[in-house]
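Questions regarding the structure given below will be posed in turn.
Naming follows writing order (A, B and C), and every chain is counted from residue 1.
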Amino acid sequence: MTNRPMLEIVSLQKRFGDTVVLRDINLKVAQGDLVFIIGPSGSGKSTMLRCCNRLEEPSGGDIIVDGRNIMSGTSRDLDRMRLKVGMVFQGFHLYPHMSVVKNVMLAQCKALGRSAEEARARAMDMLDRVGLAHKASAMPAELSGGQQQRVAIARALALDPLVMLFDEPTSALDPELVGSVLSVMKDLKAKGMTMLVVSHEMGFARETADRVVFMDGGLVVEEGSPEEIFGAPKADRTRAFLSRVTR
Amino acid sequence: MANFLTTFFNPDVMARYLPDVLSGMLVAVWIGLAVVVAGVLTGLALACLRTYRIWICNILIVCFADIFRALPPLVLILLLYFGLPGVGVRLSGPMVLFIVLSLTLAAFAEEIFWAGFLSVDRGQWEAGISTGLGFGGTLLYVALPQAVRLAIPPLVNRVLAITKMTALGSVIGVSEILSAATTAQSFSGSATPLSLAAIAYLVLFMPLVFAARLFERRRDQNQGR
Amino acid sequence: MQNLIDQFFNLSIMAKSLPLMLSGLWMTARLCAAVILLGLAGGLLVALANLSPRRWLRLPSIVFTDIFRALPPLVLLIFIYSGLPFAGIEISPFAAVALAFLLNNSAYYAEVYRAGILSVGKGQWEAARSTGLSQTQTLISVVLPQAIRNVLPDLLSNTVEVVKLTSLASVVSLSELLYAANMARSITYNASPLVLAALIYLVILWPVVRLVSRFQRRLAA
């Protein structure tokens, strides 16, 4: 396994007006690793994730993807970097006016410049991978939440990203639909995708994560293997948080 | 540039015709107010009547609202002003303007209030009736206040659009702002009275535009967008 | 009663004035095509400027929409048609009408578009930008199609207003439907041509008005 860092967050800061959300975040995600972020709400997890493709503009610090700093360069460069950083949202955000396969094709055609046939073929591959090839011509509103989220994953995957960011991908789902999304994520991990996941699915973290990061108050409080964090947390705040959520 | 200013903003011409334009503003304000009161109240009454769901009534109301929303007001104005004298009915210009604009506003207001009634939850009606308010009481105390609140932003917009049409009075010789200005323009041989008219309308209607914007913003915020 | 029918529903006068009215209708159709297309395009530009983060784009667009929402279209039309020649600019009635209504309609369409674009959630923008689509691509492929669908009833009812508005062109002697009808009225001393014009407007616009109501009811439900 190469240990080249695929995503590197260097002294990242974010303020909204006078409110400091991220104080000083440093994090490395090695190629093929799944890093799992936990922490109480308001700890800055989602903001940190959204800074990684500059949906949220950082107030300071650097984001380095595959050796390139995405904080420098033109807006065209940024669009090109965003292609390399896939993102999955809590609310799916499929385009409601387009069929499933068109959802997966759009950015391939417009941002990557693939031909329609090429994009369609790739889209069908990805839909097959998330188990939804048979829904290709359905409209998003006809799908369950779990299916919509899997399409959203396919949409990001079709662009051949180097890293995938997951922002609470299962928290808007009914409990019985969570499993299908998690198993797609597990499959991705098995195929060597580099992933940064913000979620409350502690069981999934224990089972799949290479490293778990506990954030609180805009800082990384503690990080380590799942065994270390869940089994023997060092910091008081980590212990307090875990006892609250795993009770 | 100086040439442009003397053509469109000649101070002498402005001073000379300002009184005419001001009295035109007064006429526009009076007709406008009468139209708003008559139009909104008629529209509201028709929408309330429609909640009783008497089918013959409702068909008539819907036809009325559709026709007066589909017809250009200027067509009606010419029809009443030039057509009625042929059957022995002679209405003054301001009266024709008032009738046509009130009916047009009533048609739009009815649809707006009715849409407000439709979006009042059925449970609200059931709650009112089950607590012994009766149909009329529920209409008056429960449904109407909610419908009116929803209706205000689109209604203000519509009131603005229709009171602006008092300018159509110039076509049938109502001495409102625009006709005062066009008369002054032909007497003075200057475009300045037209600028004066434009300014007069801006002075009258800008407050309504701001009010409309205010109501829209407030509604958008309430919807949490 | 007979008098009333003679004055308003005189069929032979209606028939006689029909050719004139039809040529007026043709002019109305051309006028509508021009002002609707211009208004739809102009309104979109004004709306985009209005939603822009850049102040120098936003301020002029707000001033533009406020002024043209406050000015009666007839005043604008007369100002352009009778006023511009004073500045040495000769303008044909058609061009004057097109220009006046372009300004007026752009302001109204802009408000509709604005509401539509705002009705599309922030998540749609974020999802599209996260897949590397540029601002413009996101707007065109993702946001505008949804925005327009969301405000279709309003776009449609605004368009009805535009068609009704073209009747004002008769005031500057552009020979559209109402002008033709009024001409026929003054020749025949009979109001039937005006009634015929009203019927023609009704035939064209009633179905659209019904459609708008149907749409709005569905949205309210």
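The definition used in the following text is that contacts are C-beta pairs under 8 Å (C-beta built on N, C-alpha and C of every residue); 3 or more make two chains touch, one makes a residue touch a chain.
Treat the numbers as computed from the prediction; the structure is a model and nothing was measured.
Colleague: In terms of CA centroid distance, which chain is the most far removed from subunit C?
Modeller: Taking each chain's C-alpha mean as its centre, the farthest from subunit C is A.
Colleague: Select, from B-C and A-C, the pair of chains that is joined by more C-beta pairs in contact.
Modeller: More contacting C-beta pairs are found at B-C.
Colleague: Work out per-chain C-alpha centres and flag the one nearest the whole-protein C-alpha centre.
Modeller: Of all chains shown, the one whose C-alpha centre lies nearest the global C-alpha mean is C.
Colleague: Could you give the separation in Å between the centres of subunit A and subunit B, each centre being the mean of its C-alpha atoms?
Modeller: 54
Colleague: Go ahead and note the Å separation of the Cα centroids belonging to subunit B and subunit C.
Modeller: 18
Colleague: I'd like to verify one number: the distance from the centre of subunit A to the centre of subunit C, where each centre is the average of its C-alpha atoms, in whole angstrom.
Modeller: 47
Colleague: Would you give the residues of subunit B that are in contact with at least 2 other chains, written as numbers and ranges?
Modeller: Counting only residues that touch two or more other chains, subunit B contributes none.
Colleague: Quick check on the complex: what are the subunit B residues that touch subunit C?
Modeller: 4, 7-8, 66-67, 69-76, 78-79, 82-84, 86-88, 111, 115, 118-119, 160-161, 164-168, 170-171, 177-178, 181-182, 185, 190-191, 194-195, 197-198, 201-202, 204-206, 208-210, 212-213, 220, 225
Colleague: Can you list the residues on subunit C that touch subunit A in the complex?
Modeller: 121, 123-124, 126-135, 137, 141-142, 145-146, 149
Colleague: Show which residues of subunit A lie in contact with subunit C when the two form their complex.
Modeller: So the residues of subunit A touching subunit C come out as 53, 55, 75-76, 79-83, 85-87, 89, 91, 93-97, 106-107, 110-112, 152, 155-156, 159.
Colleague: Enumerate the contact residues on subunit C facing subunit B in the complex.
Modeller: 3-4, 7-8, 66-67, 69-76, 78-79, 82-83, 86-87, 118-119, 160-161, 163-165, 167-168, 170-171, 178, 181-182, 185, 189-191, 194-195, 197-198, 201-202, 205-206, 208-210, 213, 216-217, 220-221
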